[in-house]
Structure formats: C-alpha cells, structure tokens
Amino acid sequence: MAEKKDALIKIVGAENVIDDPVTLDVYSMDHSFVTPMMPLMVVNPGNADEVQGIVKWANQTKTPLVPVSSGQPHFRGDSVPSSEGAVIVDLSGMKRIIMMDRRNRVAIVEPGVTYSELQPALAKEGLRLSMPLMPRASKSVLGSVLEREPITNPRYAWSLNEPLRCIETVMGNGEMFRTGELAGGGVSTSAREEAKLVPIEELMEKRKLTQETALYQYGPGQFNYHKLVSAAQGTMGIVTWASLRCEVLPKVQKFLLVTSDELDKIIGFAYKLLRIRFHDELMILSCSSLAAILGEGPEQISSLKKELPPWTLVLGLTGRDILAEERVEFMEKDIADIAQQFNLRLELEIPGATGEQVGDAVLNPAKELYWKLKNKGGCQDIFFLTTLNKVPEFIKTMNSLAESSNYSLSDIGVYIQPTHMGTSCHLEFSLPYDPGNEKELTMVKDLFTRVSDELSKQGAFYTRPYGIWADMAYSRNAEHMNLSKKLKGIFDPNNVLNPGKLCF
Amino acid sequence: MALEDLRATVSRCSKCSYCKWIPLAHVKSWRFAKGCPSIEYNKFQSYSASGRLSTSLSLLEGRSSYFDEGLVDIVFKCMLDGCCDVACKVNRYDLEPVEIMRQLRFKMIDHGCFPAMDVPYIDHLRKEDNMMLEPKADRGKWADGLDVKDLTQEKAEVAFHVGCKLSFDKDLWKIPQTVVAILKNAGVDFGIMGKDENCCGGRVCDMGYRGEFLKYAENNIDAWKNAGVKTIITTCSDGYHAFKRLYPEEFKFNFEVLHITQYLERLIKEGKLKFTKTVPMKVTYHDPCHLGRRGEPYVPWKGEQKKIRGQVLVYEPRKPRYNGALGIYDTPRNIIKSIPGIELVEMERNREYAWCCGAGGGVRERYPEFSGWTAGERIEEAKSTGAEAIVTACGWCERNFIDAIKDQNESMKVYDIVDLVAEAI
Amino acid sequence: MALLSEVYEALENIVGPENITEEPATLDSYAYQWMAELVTDVTGGSKFFDRPEAVLVPGSVEDVQAIIKACNQYKIKYHVFSTGWGPWAAVPSAGQILMDLRRMNRIIEINEQNMFAVVEPYCVAAQLQAEVMKVGLNNHISGAGSGTSVLANACAFQGGGPDVMYFSSPQDSILSIEWVMPTGEILRTGSMGSDLGWFCAEGPGPSTQGIIRGSLGGAGGWGVITKIAIRLVNWPGPAQMPIEGTAPSYRTQLPEENFKAAFPAFPSLQKFADAIYRIYDSEIGYIAHRQFVMWGDELQAAFLKIVTDPSKQLCDIPELLETPEIQQLTKEMQRNFQFIMVGMTPRDLAYQQKVLDLILKETGGWNIALVEEPDMQQYVLLFMLKLCFKSVNFTATGGFIDTYNSVASPDVWASGEIEAGKALLKKYAGNIADCGDQAMGPIGGQGGGGVTGWEDFVFYDPQDSESSKAAADCSDEGDRLKAVQGRPPGGMLFGLARSTHADVDIRAKKLSKSPEYNWQRKLKETLDPNNVGSGNYFWGADLSKEESS
C-alpha cells in the first residue's frame, strides 16, 4: 500500500494522493444501488502526462483504476469501484478550457470542466454548448458527452456522440492517442512519418497555420476510436481532453409549451416537428417531472403537480445570427398550423408554468442542489433508448409495476427526449424517494430492479448499461459482448480500467 | 470500325455501372430501376456492357481467348437492346457500348465461335431466307386473297416490307392484313414481295453474322431498285432498324424508310385514316428497342477523334450521338391516344430507357429461357400500371409477350398498334 | 493459381453452381479497374489488376457467412464489393476470391415514422431514394452518385457528398449494422443486436460500430457488411420527381414554394469562406456543393451549356468559349458553388432565400443569373437532388483522379489552397486536361458544416500513357506539397488504388510508425487471425517483432 502510494506521489505529487477514510468513504458509494466498495486511494492528476503515468503504473502493478470526471454527487454506479484495491482517478481538477473558437464553433476542454464553468466562458465568445437536461453543477462536460447523455436539441444530435469531436485519450495499456483531425496527419490511409504527439497548446498554435478545425472526429484510419470510449464508463481509456462542436449563442429564444392529457397526440405532434426540424430544444415532460424541475422544494413540487397538465411538450425556438427574430416568427407560425391539426395549441403560459421559466431551467445547469433530489432527497432513474412511438407502452408497464409496489404514480417522473435527429428517443423514469426511510428504500430498490427487468424484456435498449442493466443488455447480444471483451483485451489488456463494469 | 480500332475506347470505361440501370434520373422505384436484362439474369460483371468492354480488351490483349469455353455465353447472351448505350451516353460522349458489343460478336463469328444453337437457324436462313424455320414458299401466305401488287412483277413507289415474324407467325397475320386494308383504303400505290420477300438481315447481323447481313441487304436493295420503290414501309421494328440504320451505313441507300406507325400517323394527319369506333381499354405501350433507341436514323460521318484543352476528347466534325434521343416514341403514343376510349398509362421504364422484350439480338433463338424471363419482367411492369393490355409495334415483342403471358398464366392482352387501329376503324 | 478443386467445390456447394465462376473473361471483367493503368508497378500500365481466383455471387447473409468460414478453413483470402466502381473493387492481390454482392439488393424496411431505412449492399441510392420519396423522405447520396450502393457509401470508403451539411455525414447516418465478421460470426450492432429494431447505432456500452469503419471503411477487406440501417431526412417534394427533357438533358420541375437552386458567387475566396461560415451558422440549405467547378473554373460555364442542350457536344467547347456570354459567365462563376434550398414549408424557403440574399450582400456576392433560367434551374435541381449524372467525372477524358486538397475548414481555401491546387493542375496541363481550378466538394463536409472536403479533379486519358503518368505525378506532387505544409494529403483516390494493391508487407512497414495502424494490426490479429481478409484493412508492422527476429 505504502509502495503504491509512494509511486503515485512521484507521479502527481503528495497533495494529490488522498487516502483518508472520510474521503474514501465518499467515493465508495453513490446514490445508485450498486454495492459499495472502498477504494484504496484517490489521486488527482493535473494533466495528461500524469494521467498517462498513472495508467502505466496501474498496468505494472495490476491496480484497478476508476476514472471520475464529475464532482459529487454521483448516480450511476460507474464511479464506484467494483474491484478491491482500486484507485480513483479523479480528473475533476483538470479544468482547463484549452481553446474556444467562435468562427469554427469549437472548444477544447479538459475532463474537469463543468457546464457551469464552460457555458459562461463560451457565451463570452458568442457560443453555447448543447447540453443534456439540467446537469448538476458539478457535472463534467466531458463525462456527460462521453457517456452519450442525450442533448435537449435533437437537431444537433447528428450522432449519439454529439457534440463530441476529437479526443486525446490514454488507453488502458498506457498509450496516448488522439483521434480525428487532431491525430495529426489527416484522414487518408497513407503513412505518417511521425507519430509524436505534440502538446495540445503547440498543436493549437500550429493549427492557426494549418487551419485544422478540431471538428472532424472520424478515424484516424479505419477505426472510429471516439466510439470506443463512449458509454464506456471509463473502461477503455481515460480521455484527457475533447473538442466539442458548439452552437452559436442565440440572439432570440422563445419557449412554448404544448399540453395535453393524451400523450399520443403530443407524440404525433412531436414527430411532425422532428420530421421537418422545426424545433430547437424539444422534449416531453410529465407533470411530476416538470414540477420537479420548477419546484424549489417538496411543497412547491407537490403544489405544482396539482396545477400542471399531465403532459407538456417543451419547445424552444431559437434565432441565432441572421434574421434571428424572423426565424422564430416564421417557425412559430408554421408550428402553430401543425399544432392545429392535432387540436393542440402553443402556449407561452400554462397553469403552473411559463415558457420562460421552463426555458430558463432547461437552458442552464441545475443550481446547487441537484433538482431530482429536491423532492424527497433521493431518486432512482431508469433510462434507455427506444423510438418515440413505443413510449406509451413502456409507460403503461412502468405504471403497472409501480402500482403493484404501491409506489405513487403521481411521483413518477417521465422525461421523453427525442434524440439523433428524431430517429430514436431517450425515455427516462425518475423515482423520487426518501433514502432515510428504510421501507421506502427497500421498495424502490425492488421496484427499480423489477422495472429494469420488465422493460428490458419489453424492448428497452440499455445503450448506456449502468449497474444491473449491464447484464441485461449484454446478455441479449452475445456477439457484441464477445467482441467488446476482445476489444478490451486489446486496449486494456491488463483490465486496469474500471474492471467489473459493463461486461468486463 | 473493327474491334481492334475501338481499343482506346474500351480502355476508357470507368466501370461506373450506369450501363446496368436505366438513366438514373428516371428511376421511379426499386423494382423497375434496372436497365440491363443480361446482367440481371446472368449475374456476373462480364454480362454487362462494361463487362463486355473489358472482355473485348482482355481478348485484344491476349489475356483470354476467343475459344474460351464460357466466352460464347458472355458475348451472345444479350439482346443488344441498347439500354446500356443510352444510360452510358447520358454522360459519356466517347463510349459506344452497343457498337463495341456488335464488333465483338463479329469477331467471335469470324473466329468461328458461336452458340451451338445457331446452327439450325443459320442453315435455314441460308436455304430458305428466313430464320423462322419455315419454308420460304410459305412466306406470302398471309396475303392470300388480298390482291396486292407483286413487286417482283410490277413496280410501285411504296414497298410494304412485312418482315419474317409477321410473315410466318399465323397468330400475327392480322397485322399485315390490316395494313394492306389501310393502305388500299388510303389509295397508296404499294406492293409486297410476297414469297420472295427476304429477311432484312437485321437480326442475323445483331447475332454477329455480318456476312449474311450484307448479302441480304444488297439483295433487298436491288429488289427495291428493280421495282422502282422509293419508300419502304415496314411493320417490323427489326426491319425498321436495319433499313434506317444498318443499310445506309454499308450501302448507297436513297429510300425513304417509314415504320407503319409513322405512316399511320401521317394518314391520320391527312384525314385519310379516321377512327369511328370506341375502344374502351386501359393500355400501356411498350417501346420496341429497334423502333426506339436503336431506331435512330443513320447519319454519315467521317471524322476523327481529337483532343482539345490538353486531353478533352472531341470528334471533328461533330459525331452523331446515337443516344436514343431520336428514336420513334411519340408517334405510336399519338396514335394510341387518338383512338377513342383508350386510356394510355405509362410503364416506369419507357421511351429510350424501356426494358427490352427479350426477343432481339438472337436471344430468343439461342437462350429461350433468358428471353422468356426478360419478357416476363416486362409483363410484370405492364401489370403494375393497371393496364389490361400491352401494346407495341413489333411482331417480335408481341410474340415474346404472348409466350411469356402463357407460360406465366397471366391474363394480360397483347396488341400491336395496328390491331388497335383495326378495332377503331 | 487456380483454386483447389476441393475448395471450389466447397464454395460451389454454398452458392450453387450458377453463382460461382472461374471463367477467364469474367475474371478479367472483375480485374479491370479504373486507375489500374496508373498503378504501373503492379499492372505495368494495364487496365487489369490481378484476377480473382473465382467470383461468387452470394444471395444471403448465410451464404456470406458460410463463404467466410470456408475461407478461414481453407486459408483463402476473400474480397468483396457492392457495385464495383470504387478504386478498391479489384482484388488487392492474386490468390483471392471475390464476392460480388449484387444478389443482395433488397430494401428490408422503410420506417417512415422514425425516418430510417434498412438495406442490403446492392440497393443503390437511386432505388432507395425512389422508394423513400414515396413516403416523403430522402436519403443521403455520396458524391459518387446515385448509382452507387447505399451501404458501401456509408461503410466501405469515405462516403461524403453534397447533402452532408443537412443530411449529416454517412458515419453519423448509420444506425444498426449487420456485419459478418472476418471469422464468420454475425454481429449486429446497436439495437438490432438485441433484436429491438434498427434504430440505434451505439451500444450497449462502447460502440462496436467504431471498428467497422473509421474515417474510412474497410474497402472490402474487413468482413462483409450485409445490412445497414440508414437515417433519412424529410422530403417535401412530390412522391415521384417528374422528369422531362430529351436525352441526356433531363430536368425536373419542382414546386417553387419549396425548391430553389442558386449559384452563390463571390468576389474573393476569403468572401467565399466567410459566406460558408455564415451559411453554417444560419443553418440554411439542403444541398451545398462546389459541383460544376469539377470541369474547371475556365470551362464550367461552357460545360453547363453543353449538358443542358441535347444537340451540343464537347466539340462545342472552343466555340462557346469565344462567345461573350460564356466569357462573362466564366468570369462571374469563378468562385461559385451550387446551393439547393428546400423549404419544408413556403415560409421556410422564403426565409432561407432572404438569409442567402443577406449573406450575399454582406460578402459582396451575387447569384449567377444563369440558374434563374427555367431550363437551367430544373437541370440543376435534378442534378443535385438525384445526383444522377455523376459518371460525368469521366466525361472529359475517360479518366479521373483527385489531388491536392482534402478535408479542411473553409478558411483553408481562402488561405491560398485553391490557387495552389489550380497552379498544380496548370503545371501538368496539356498532359492532363487544362481546365483551371477544379477543387470540387461539399460546402459542409459534416452535419451542420464545420469542415469541407474538397478535391482537385485531374482529368487524364487512361489510353495515353503520358497522360496517365502526368496524372499520377500530379497526384504525388500534390501530396508532397501538402506534406511540406503539414497538411493532410489530398489525392485519396490514386493513393488508395496504389496502397490497396501494394505489397502488404512493404506497406505495413511504411505504416509501422502510425499509432492507428498499430491498433489496427492488433484488431486484425484478434478479429482476423487467419488473415483471410483481402488486405484492404490496413495495418502497421510490429517493428519490435521485426527487430527481434
């Protein structure tokens, strides 16, 4: 143990190696139901070289590493060690925004940069980053993007990886690797004489001459490495910076709300908008989800739940650059025509909420207390990918199982996020509960497991397979699992990166 | 030009595969996007125009031999329908797929490499002047009792050339008989060769037997000259193509050549042919290859290929394109549309990019299964329009469709345009 | 060397005797390849690469699987293609069998509601487009045009094209894939692997799709992809595009309230670049491409007149160039591109046009009046929306490759690279066609724009060895010039033809310093342990092994 500590101190410095029990205890568990496990140590690297040093050391000593980018609290179980003797590699201190480029709409950030830090910095440059729904203040941008968290504007989800572009990563075997345009040497299959990785700052200077944009994310060669580390829960590589495609900062933003008792109607309407891309932010929220977003605490949430309609489609319309107001104006007119076909209306205000309030919430990271915990202190999420038309069937099952567990239906939060240009849909159920109440905890734990299982059988695609979902997901695709293991064997031959996660 | 003279041309094929499809601009469905029956049926690349171009080059370079076992199949299992040519020439001004494939056939025959199935047909042609395997003496029987001028005995300005198919195929006799009635009624001074009519030679030329073709061409030209003929009207699209395109290429040829549809259109315009009856029917029209894209008139050209702007290939003087643009497409349609009661619907593949009936190029004689399959595909396409009948202007197409419909137990009717006209007058 | 009869028989038993051949002329038809004459160290200037040992035409994924397993058993290399136009179509070396996938041509599913289609390899883009337009959708067509395979476009090579800015790049349009792996197992990626439908490309967890293609695909040497699901976009036009015109000058008339073709042109390349960025930011445009400059900025106007007039031919070029009209047009079009605006609603189109007008005003640009003429408008709409004329790359001389320019930001073009490309072509003009600036490519090479991917076209005569040599030299010089600047090489096509037919050991040594090819070697060793893939999945030699041995 001491030997390991000394070795790590040599890499990152004494102040960045922590092994006090209080700290370790914090990292030993999270809000999920995964089995807690104490790590051996926590290290806080400050740069990519240190990360590489740690990984190389881990290979030599066969020490499991658990990479973590976001600050507390954690929810998915992926940051809790599954193996004994693991070292947490906490990257949240790597907070450099390496580059922001308005013209090419790209930024490069280190893993510790949060949305709360990045968005204001980008705004000064006239940019914004597409974001998932209200990430917590401590949420790492890189962590979110790498984990394929769905962004709220499906129009910008050209792929499920967006806005991720190029990355620098330390692979599980300790090799440093860059992808896409920033691999250096282009995208053809011809040989490159030098495989040296110049420091990113030098590369950025160089790119002023060569005018590489850091936007072309594919390859290099015949392999898309950025896909290898996506939704990988840190099992394939530790990303030390990533370039991200940014939006133009809006000049005009208008949020409209469309409500109904009938989810099918709203889904039909959403399909129309997705089809012609007449939307920016676009999502469907249940009454309880919207209440949880807008309410400051349990009482307000409870009161909002009584006012808000069963289903609300949140529609953001944006004008960014040229003719910003006109864009919003014509789109609103056309969308209103479409809404009429469904007997729906675009509202600036609904009982319990205004579009402006909702927009303000949706467009910003959550404030101090993570919004899902505001109601009861604890919350379990079940989420997966499906297609929008299948959502009602899953809701039926969720409700049925909740009823059988005596879980109040009105507490279930439903968040329907179309993604990938409307081809697929992220469906998320939130189950708030009081973690201090043993009975409730047990009930929710049981319900979580049963719902996860039943929905899997029904066709939920756990594309981001955290915790118990991993077995469910991988058992359905044996070839994919076999191949994933082979890839793991290549890129992390000693299985030092977060062993025990996914199918590893 | 002989095949070796086309070596440079064959080397410029890029293998874009446009020859396998109808011109891509015209694709209207997955099902009816294909243009080349040969590759669709035979699968391998060598069965496309592009494949035969590379085959030509392979032979010219001695990489393969004219005597290779599979080569006959590759070279001859194609109708020379020319859809490949049309599609290729949408963007290529320098490639000549059909011409190259013709020359390849000539070369094969020169080497004595031909399908074994040819023997009875060529023998019969040489003996009886037709490949219908019928006695020459029976050729004029369709005209028994019609009292038509015999051009071997008398002169006339117009020769009605019936063609082998319509002369010998009893089921189709109504067509030339109707033509006779129409021409008589219009007061046209015309005659027929009757039993002395010879094959136009077009088919045997497409089959690769250039020598036979030249013989028949020369013979026919002499016969018409002797009869004082100025205009040749034909009901056979094969014949139309031969007279319009092949004959002038080889011989001094000063005759006017009209397909019967052109003549009918002329009569309609002049008021000499009037439709008095209604024919309530939904029909679709099939463009015969030899009337359409291959029926473009011959344009004499003597010139050379040059380069401008360094390497851009041009012809000086301007070379005729033969890209199907000048085929006969509107005339038959105009006739059909002018018949009262007819509703004309179009197949997806029509005009210069029509799917072949499967009969031409010697395929019906040599590869009857492939021929029947091709016709069957066309019938499927006709059915997809909702039409009750498929109408065309070529006896070979008609026979191939009739046989395919019978084989497949289909109920679609087959008409020649002349048949429809007969019903309306 | 012919296949052993035992091997031939085994393969014949899989596909049936009518679907396998060793016939020499047929084998040659597969060996014949565009650009073969340039790879002189392999072909000696001939149009033929190596013959495959046999050609098979499988009919199903089961056939493909059985063939690959047989190849593993008998240690026979296999190669595969869809339509066979790609420069990688011929077998990379002797001793390989070739799978021609033309029998696997179905559209498996069109999911209108969720906007995707599932296709087999030999469904070409024109076929899919015709079917999806019937339900108000449209599919990506790669720059190689609508006669090419939807699947191969997305997976086999690069696959970009004029519509990428709106439709998104092919890499991002792919949903689930069915892939017969190099050892014969069948992998279905994403949601389809879990039998949940084709809608999702990724997962569970890290996406195995990433190993099926990267910046480039496996070019026929990395298993066989037998189905893909591909994302579609909206089509507000008619269910069937009405086509008029005499061959070859086809055109289409589309509703004016939804469709508009423009040729924005600019006073300088910097303004050109500025406008492109504005277009990215304002998110207008359905198709945006520097298309007709493929004929050269000096000839594009004349060419347009020729292709839209069925009576004209290339011999009309000199006369046209003498006319004041063409001279004026040539000048105006020097820095132009083709821009198709498609409004999902009339208001949408009106808005886009207004935005474009403002961009032109801002940058001192103008719309070329020629495209406002009805015939030209209709021709351009057809050309760009159906990409049905793309064998036009070979119209001028019968031969074409690319050089110099590659993936880069619009500012790169303004920095002198367009002029540099033109200067390079001019240096070889005479032995290659003399056309001027021929840097063709999409205005947005990724969804939403960001980078473009332009290539300088080189027109050469494949029948003329001096012309062929000039084209090869021009491409090589383009790579060298780029390397000096530290920019990625252009000239993908010739480079690919050469490297796919290179001696794999020599190539592997050359690639040994590249990290990605070291990873690819490991992937190949793991997933293709018998090394029966054709060799177009590249790898770098393991120098440590070589040094120690």
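Some points to look at:
Chains here go by letter, A, B and C, matching the order in which they are written, and residues are numbered from 1 within each.
Just so it is clear, a contact is a pair of C-beta atoms (placed from the backbone, for glycine too) under 8 Å apart; a residue touches a chain by one contact, two chains touch by 3 or more.
Just so it is clear, the structure is predicted and the values come from calculations on it, not from any experiment.
Farthest from subunit B, judged by the mean position of CA atoms in each chain, is A. Chain centroids computed from C-alpha atoms place C closest to the centre of all protein C-alpha atoms shown. Between the Cα centres of subunit A and subunit C there is a gap of 33 Å. With centres defined as mean CA coordinates, subunit C is found 37 Å away from subunit B. Rounded to whole angstrom, the centroid-to-centroid distance between subunit A and subunit B, based on C-alpha atoms, equals 66 Å. Contacts from subunit A toward subunit C in the complex involve residues 103-106, 148, 156, 158-161, 175, 177, 180-181, 183, 185-195, 206, 209-213, 215-216, 218-233, 235-236, 245, 248, 271, 274-278, 320-323, 326-327, 330-331, 333-334, 385-389, 420-424, 459, 461-465, 469-470, 473-474, 476-477, 479-480, 482-484, 486-487, 489-491, 502-503. Residue ranges of subunit C in contact with subunit A, taken from their complex: 113-116, 168-169, 171-172, 175, 181, 185-191, 193-197, 199-211, 213-219, 222, 231, 233-234, 236, 277-278, 280-283, 344-345, 347-348, 350-351, 354-355, 358-359, 406-409, 411-412, 415, 445-448, 450-451, 479, 485-489, 492, 495-496, 499, 510-511, 513-517, 519-520, 522-523, 526-527, 537-538. Within the complex formed with subunit C, the residues of subunit B that make contact are 7-8, 11-18, 21, 23-30, 33, 39, 43-46, 48, 50-51, 54-55, 57-59, 61, 63-65, 68-71, 74, 86, 88-95, 307-319, 321, 323-325, 352.
By the touch criterion given at the top, residues 18-19, 21, 23-26, 28-34, 37, 46-48, 55, 57, 83-85, 89, 100, 102-103, 107, 123-124, 126-131, 145-147, 240, 243, 246-248, 250, 252, 299, 310, 313-318, 382, 386, 388-400, 429-435, 459-464, 467 of subunit C touch subunit B in their complex.
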